[in-house]
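Going by the order they are written in, the chains are A, B, C and D; count residues from 1 in each one.
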């Protein structure tokens, strides 16, 4: 595209937590024009009335979702709808010719049977194999020509960027891989549920979905694709923080494993991955509000186990930020466009 | 009563935040036997399944509310129901002869017209004048013989215990009284509302109900009863803390006002009020989980304005704890019975 | 300046909370080149080792402070040093010809006697009257030619932007003005003090400096300059949030006061002030990480008192962001340059 | 002892976070009289001036520590001093005949060489083998006659109570055990360190001491004593909560392992352990402020790995509460005496 032409973007589901983060990034993106935002809950109201943070920055009135027209006049269509609702909307939106970026789980699993096992029937199972699982650091080329980009789950992003480089480098040994993840509460969305109330989360921490969280098959699919058949024990936890996921990953190692070399090869030129190195561990505050992933590790005494720690912002690199990164890749923009934040510390 | 006899207590609405705090206190009260707890949402389930904190401490199955029988076989009936539902239940419960302690607003305003203005029609307006507004430090004698004790609102408790001693001592001058209160989120209850989600409250602070919060007429009623006709500007704020209210109160003073003497006279022998003194200011953490109120103040340059700060736990001294204190007074028990906590700091 | 030329900026004290916020903004400012950053505590180390959030964004090694050379080759010099240390450094830095922006209190009070009363002796009292108190919305013209810009305190910024438009419009009546402010803990800085530990602040709220906080004379000076001689009762509170100040301001009104007109006249074209309107109240989360101030109000029954609420980020509009805004004004850049953030909600 | 006689207790180091939690419990213990509390930082001041939460509950003046006399006239001596300082004080205190309860690490490792490797030289290595490692649920009989009781570390308490019952039941298979623990910030104590500031911990989570935390040898010692030689990968994390540790433990299983039976056998009659059961997971809020441990688990697909989750309050069951439990066991009191709290939820 010409270097000043704007990508016209339509967004379905703009007032959930993932949607509003997407709008924050798109509104400041120098190459994006937002043409339409839908919200079932707030249709007809200005976005800035629901989210006063957009006052003076994005003046747009929220619309009701009509799948047939939502992507009209748009080059790119983002769905921040819940899974289930997303797939059927994307199917319609594709007919307008827009490239679809789906922030839900609906196009993440390539195998229809596996999808059914975790989510139930899919409205368009034939499209599953077409969709590209969009972690640019792992599959940038496929993204460049995709019609549907499945923006990965927050936990799988943090896990796979820690694991796949090791698998590819051939340093992962036999045995169980443990992914113990700690997430901010925004990952659970903005639905009015009792267990998401401040009084239930503040000064608390709990595990949930132990051994059966829906992000497990995504992590396994990513590992299988890279050639690793190991069992994964995945435990997500909910923390009293707004944003961020810290994943502590326990990896069995082959003799002589060189993690620094593996991560260096994978991430040397990546703009959004910062490898802190051995013996250094990331903190979620350093990536909060950004599309960055930071990573460090140690090898335990005996040399047969590595502890790898990754940190991301679950709504940004773990969702909408990665969605925008995919947009940049897909439309040939500078990959950092609209994503050059520095975390606000403290 | 005999010093070992137990007071039989029934509780309606035991699984909201105010209800569960009441159960925590009653379960450990040496002179109380809990005979019945209702919960519309969880009827039929053991309390300890909903609140695992009660495991091994209170094994009771939650019941559906039947106003006619809820207080049967009980000496005391506590309602932790929302306003509106509370009044009609209390009316029925009184027929069993139990003494009623209402944690809602339904019996706090003595004037039926005033009640209607803020809450709508009252099911038994003739009972309003019978009810005693239960701040023991201000009206202990009336509580001893009451049939209905209106347990005061959280904000009015923190405001009136700071103001009434000054009014009674005659040191309050003409002009506006400002009550600027900061409350933990539990004060808004446990209903599944979007604006109470962790993501909406964490790292945030906001004013609400400015100039028109329903606790304003309670504060004014308490001041009027003490002989003060001043206008009150009352602004509540919601903070990202679970519990606690800090009230910063700006009081016009008469010349020569001696606040230390006023508070000393009011609180010298009170077990639940700690006067920190001039130039010392309370913190909510020091009263959290307890029935205590702590208080300090300063007089501004010129001597015409005092800044008084009070701290309470909104669910305890600002609700269920004060309810139990009223129970102790009403049944002639040691007023500290079941209420001898020390705040867990940090 | 030419529209692509860069302003060369030196920063003293870059690793405190105010300093690191300044670096975050400057590093992403399209018209700024950071030439030097000092840090007594971390001199010789890369910034990104102390603050990994800067990895890949600002690669600079921290230097020891030498007042005589710190501003060499710089167009602008920012001091984020503590008061006292700031003044003597600024005095030296000015000799290089750089424009000085001081984030401390050292040049905020114009009257040397008043300064001495609150802070002790000033190393260059003759410069006090030269410095411009830099709230661009209130004194933009003076900033354009200033040698020293005193970046205002966080509390005064939130208070004066709420009050001065009312004073200028002539709607403030006689009587006490109450400014009750609630601040995030970052306002107290990054010094290793017991009372700033997580265990002392989390789940807590306290008033401090009641009636004698050093920001009181700044607020009074700003009011006096606008023609208001009223007494101010100012009470700051520390909250368990990282950033943000909410100020609840109680203002006596003249008959017929029209606050909407007053704020409209003051802020209609201001890029960083959003007037929410009557009956709408700002929340700190909507301005967090941005240079925005949001504002709303109500008039209490009787019409003689207004409650005005303002929200800012204490480190941004209340400090470093306002510093950058001043830089933009002083050097004739687009005032929004480097400051076009949208708060990351949630 | 006679059922009404009081145990006289002296406390060294009463104003750190562990010390003040101990005082909270002892002050309300019906069979304890506190005879002396030392504090280097605050000697000469009343406890209630430093911690206003004790106003009206414990009026005692803090003293300077003199190891020779600190335990005089005391039946029991508690040290809440840091490691190093603790050992030398305990050695002196024992000479008075008092039973010593040490909350530091100084008597936890039985092997002097192992102690030296992790902590340096021990002042009285010959006493190490005398001390009893005080988890009553695992070694109650030895506690009854001990002279020195090493109160276990917070992390080891949460880990060993989850693991030892499985080891004893013979269900633990070969392979790595992973203990991934998430702790509140109070576990790091009250020293004025930059990395414990609110601004560094709020909205953040980080791993620390990965693979080399000093609680690792304690966990290994406890497993070895029970007959398990497995390697342990232990990763502690610091969370933005005041109190609580959640430990997520990944355990290799033998075929046919019955975890319910193992935990039932171990904990059936234990007053402070609540086994929630399979598929149920504890939350730290349900044990906060109490001496309880709650526990749940699941077995992953394939049956070769269990995920066990335990929750404790790090300052209570993970420290001072367990200290008091040990006191009760050692002096033949009801083990629940002074420890019958219910967590204040929310």
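One rule holds for everything that comes next: a residue touches a chain if its C-beta (ideal position, glycine included) is under 8 Å from a C-beta of that chain, and two chains touch if they have at least 3 such contacts.
Computed from a predicted structure; not experimentally measured.
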| item | value |
| --- | --- |
| Which listed pair, C-D, B-C or A-C, duplicates the contacts of B-D in over half of its pairs | A-C |
| Pair joined by the larger number of C-beta contacts - A-B, A-D | A-D |
| Taking each chain's C-alpha mean as its centre, the one farthest from chain A | B |
| CA centroid of chain A to CA centroid of chain C, Å | 36 |
| Centre-to-centre distance between chain B and chain A (centres being mean Cα positions), rounded to whole Å | 45 |
| Whole-Å gap between the CA centroids of chain A and chain D | 39 |
| Shared interface positions of chain D, touching two or more other chains | 17, 186, 190, 199-200, 202-203, 240-243, 282-283, 285, 288, 346 |
| Chain A - residues contacting chain C, complex | 17, 20-21, 24, 27-28, 51-58, 186, 190, 202-203, 242-243, 271, 274, 276, 282-283, 285-290, 292, 294, 340-346 |
| Contact set on chain D toward chain C in their complex | 17, 185-186, 190, 192-194, 196-203, 240-242 |
| Touching residues (chain side chain D, partner chain A) in the complex | 175-176, 178, 180, 182, 199-200, 202-208, 210-211, 231, 233, 235, 237, 239-244, 246, 248, 250, 252, 281-285, 288, 298-302, 305, 307, 309, 346 |
